[in-house]
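One chain, chain A, appears in both complexes that follow, with chain B as partner in the first and chain C in the second.
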Partner chain A sequence: MAVSTRRLQKELVEIQKQGTPVGITLLSADDFQTWLFTVQVLGDTIYSGELFALKFRFDGQYPIQPPAVQFVVDEKYQAPVHPHVYSNGHICASILGNEWSPVLSVIAVCVTIQSMLASCKKKERPPDNERYVKHAPENPKKTQFVYHDDTV
Partner chain B sequence: MQRWHPYQYLRPLTRDSDAPDAAHDPAADAWVPTIDDLRVKLCYICREEESAEGPQVPRHVWVHPCRCSLVAHETCLLQWIRAAEQDTSRAANAMKCPQCGVEYELESDNPLVLRIMDSVNGGLMTVGRAVFWAGGGALIISSLFGVYIGCTAYGSYAVQEFLGKEMFSLLLSEDTAQWPWHAYFHLPAIPISLILARAGVHTNFPVATLLLAWTFSPPVSHPMRDMLTSHLRLIQTDTPAPQSEQLVPLFSWPPVPAAVTVLYPLLTKGYRLSFNRLRHWVLGTRPEPKAAVRNYIYDFNDNAPIRVRINHAIIPPPRAGAPPGQPAQAPQPQANPAPEPDAEDEEDAPAEGARTTRLTNAQIGRFVGGALMIPAIASFMGRILFRLARHSPFLRRFLAIRPPLGARHYRPPGGLIDPAQWRDAGLLKQMGLGLRLGVNLACCGTRVWADADPVWWRNSVGLGIFIVIKDCLKLVHEYLSRREQQTRRIKSRSFAGVEIKELDLIHPPTHIAI
Partner chain C sequence: MQPNVVSLSESDSVQDPTDFPPSSIAPGLRDLDDSLRCPICRELYTAPVTLSCGHCYCSLCIRNSLSSKAECPICRQNASEVHIRKNPAMESVVKSWASGRDFILGLLKPQEDHRTSPSVDSQGKASNTQPDSPSKKRKRTTDDTLTSAAGERKLTPGISKAQVQCPMCNQTVPERTINQHLDSGCQSYLSEASSSGTRGQQKEQWSKVFGNSGITHRNKDKGKAKEKEKEKDGDPDGLSDVDPLPKVSYNVLKDKLIQEYLTEHGLPTNGGRDACIARHQKWVMLFNANLDRSPANRQSLDQLKRELKKWEEAQQTRKHSVTDVVAYQKEHKSEFERLKEEARRRIPDKTSNSAAASGIIVIDDDE
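Right after this comes the complex of A and B.
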């Protein structure tokens, strides 16, 4: 069995045993390629009452390579309006790129993104949203993001 | 290729201050546990556990590489470091603990041979990079050099055509080894200046490169022996010729090149003005303020125009309705008075069309080819004038035709300055003489210009005549096509072939057979 599958199996068992953090629920984890979570930002934030869905895609290299993580954009879910989230659901976050570390886990990524949303004060798209969405690859991992702003 | 670096020297700086190393304190009775003392080990990378109670087969090698509680399989950690190092943006984070940030230390078998090979490899990479850039540079330079050679060859051809064979062989000659140094600047500039002049960027360019540049140039073709004798003559002349004979007089016929250079733009301007007046008189139009900004559309193959915008700020020319004095372009039907805005629209369309110039390949070729044909045309016209001059003494005098010098044996008179006078003169007088000589050279050119047959002069005159003829032909063409457009009528036909019953006629014929 591949290392990625064994590690994901352990993470899944842990989720089932200990449950997910508040505001995060597991939607589906039918295989070890794609997992879906719903994310809710709790407390008094600009996203209160909104429900988002996060899609994780794993290749055989996980956890050496980071998972491909994006917000689901379909009839049911929309990507949050956030300066680091493009309207096609792609997320510009350094922990999904050059600051990824195998010590992180699926739940840790969920919590990080949840807190990224919670700390946001102003709903706006990234300045280059139009241009990026027009030319973006399907998989956000193929994008070379430039992480310019750590404050939001 | 990534390789393992010796990180032995990268010890964390905080190590000694934060906690004393056991090795530094042999008398420490405080027992410090190691990785082997852990009961349960959890790899932070693959999340596999290993318990000391239940020994696994095969046993893994475990490491504790940092100062926090994270432990990992050595294979997992090495795999992570290798993967992260391959991505330059991640490499910075690869060699330290994600939790406590302590740098990992690597030990590896890094013998001298490997280090030598690595450095040789790196050196070869550097050489490869240098070869790549040098090769690319050489390619660009050689193609630029090819353009330069082509332009220079054309320039020497143009000089030969324009100044005539005799002066060409005196001033430049076929032998490139004899060329004066400035030829390598002026010759390649000739085609460029011809094209620029045709584009209307600067009207003086061809005069400067074709004519003025060669006036200072001493003759090159007479042999070294002649140069020496003329030099010797400068030193030991017994009876120097009077200076007035040596220097070229400023006011002579044909005009000296400098005078031509000064007069040329004035002449061109005056000609353009008067010809434009003639043109408007012939065509029955009135001069309009020229729209300063024009759109150039480059039509590469008719269907996909490449738009070259010269300037985005298009200022529409002021037009207050229809000027009353403007002659109507075509007789307007009186029964259908056009409303004012419509009339403006109708006028705007051609104005916009006039401001937008469609450049086709044929036009560009014609433009460049026409510019480069100028020396050949001038030479051709000059030859015609030369033939005509055989029958007209006046023309002969006007063109100042002189017998050929015999370029091979021409030796310009030496001793421009009387050596005795030079020796006797004071410093101030010497400077004055030198200045006079310099000014005379700049204005009138070397002696060659006064002695040789001024082919350049009849060529210039011929070129002027050619331009006038060409402009007149163009005007005739314009006039005829304008008249053709104004006299256009659409031919009306009879109703032959149409059923008469279908037509509502004023006087229907009575004998319609039903």
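Right after this comes the complex of A and C.
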């Protein structure tokens, strides 16, 4: 069995045995290629009451390479309005790019993104949203993001 | 052929630190199991090495990681392959732990049965907040949990036909002979399955590499005495005073030279320049990582080549999936169903409800 599959298998068992952190729920993990989570920002934040869905896609390079992670945008879910989140769901977060480390995990990514939302004070899209969304590749990993700041 | 799915899934069973009860019940054991695991692959260390910062990984895992990013994955201190130092003390600790792990889990089981407190609550909370409060309502949960903590593990080796994956070499080994297998430095007591399973798809090029006798047969044909002898010197390929292979700058090399590098190690040269480079790169990694095991634990060159072949086949499956997505998904679906089924059996009902409520959204935006 591939290393990536075994690693994901362990993460899944851990999720099922230990549960997920508060505000994060496993929505589906039908295979070892795509997992979906819901994310809620708890407490008194500008996103209170909103529910988002995160989609993880894995290839055989995981965990050496990061998973492709984006917010789900469909008839049920929208991407949060946030300066680092494009309206197509793509996320500009260094942890998903050059700050990825193979000791991170799916849950660690969920928690990081949850706290990225929690610390946001003003709902706005990235300044280049329209231009980006028009030409964005389907897979956010194919985008070379210039990180807006180094706090995420 | 394995008789049924159940025994197959046992062979692949996911081991993780939560197999052990929390420290309120078995102090230290869960943490111990956790600290003997590589933070990259989360398996018990194979050929553990440390970087200059002191952080420890499987040799192969950190070599893979460094080839994509020159830093320690934990502390992000700059690092490269020259900083890799083997850690034989950790290696022998892991080896002992691997051979005693199931035994300890077995010992824990009857002890846990006397407990009435919730041992491993679904959220891992109950045990921390109120470790000693007995609760009849919890009883059932506890029993279920016990199955997950120590279930499906057999203390009596003689009767088990189950296959396990060797934590050192990742090959399939009959459960009852895993200790002997480990003692042999991963040289013998391999399952029939570990060689016959892939034989069908063997490419012509690769079958030349192995000839007609795989390692399994060689060992089987040998007399007991001879086998013992080989175990003693433990170094069939004379790897003990071999230097690691140097890194190669492929882009300045002619195709022919790359092929010669492969031939030199008895590796196939088919598949074009990129395939040859990838093959050689992986070979260097596997070869050097193997040297980070202590001599008695090293894999034979044959086993390394088998690893390389397995890796190459996995690469091809992935490429194949682009053209035949449906077949690929089907294949993985069944594997996944099996693993999921297994995971389910190992956990109390309540824990799985987050997963059970799954499958609502299907996002199909590929292509």
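We take it that the second predicted complex is superposed on the first by the 150 of 152 C-alpha atoms of A that agree within 3 Å, B and C clash if a C-alpha of one lies under 4 Å from a C-alpha of the other, contacts with A are read in each partner's own complex, and residues count from 1 in each chain.
Note that in this section a residue touches a chain if its C-beta (ideal position, glycine included) is under 8 Å from a C-beta of that chain, and two chains touch if they have at least 3 such contacts.
Just so you know, these numbers come straight off a predicted model, no measurement behind them.
Aligning the two structures on chain A places chain B and chain C in clashing positions.
By the document's definition of touching, both partners, chain B and chain C, reach A:102. In the superposed model, A:2 lies in contact with chain C only, and not with chain B.
Between chain B and chain C, it is C that contacts the larger number of residues in chain A. By the document's definition of touching, both partners, chain B and chain C, reach A:10.
In the superposition on chain A, contact is made by A:63 with both chain B and chain C. Looking at the shared chain after the overlay, A:20 reaches chain C, while chain B stays out of its contact range. With both structures placed on the common chain, the touch criterion links A:42 to neither chain B nor chain C. Chain A uses residues 3, 6-7, 10, 63-65, 101-103 to touch chain B in one structure and chain C in the other.
Listing the residues of chain A that touch chain C in their complex gives 1-3, 5-7, 9-10, 12-20, 25-34, 36, 53, 55, 59-60, 63-65, 72, 74, 76-77, 101-103, 138. The residues of chain B lying in touch with chain A in their complex are 44-48, 70, 76, 79-80, 83-84, 87, 89-90, 92-93, 98-99. Residues 3, 6-7, 10-11, 61, 63-65, 97-104 of chain A are the ones touching chain B in the complex. Interface of chain C with chain A (complex): residues 12, 14, 16, 18, 39-43, 61, 64-65, 68, 73-74, 76, 120, 122-124, 148, 314-315, 318, 329, 332-333, 335-336, 339-340, 343-344, 346-347, 351-352, 354-355, 357-361, 363, 365-367.
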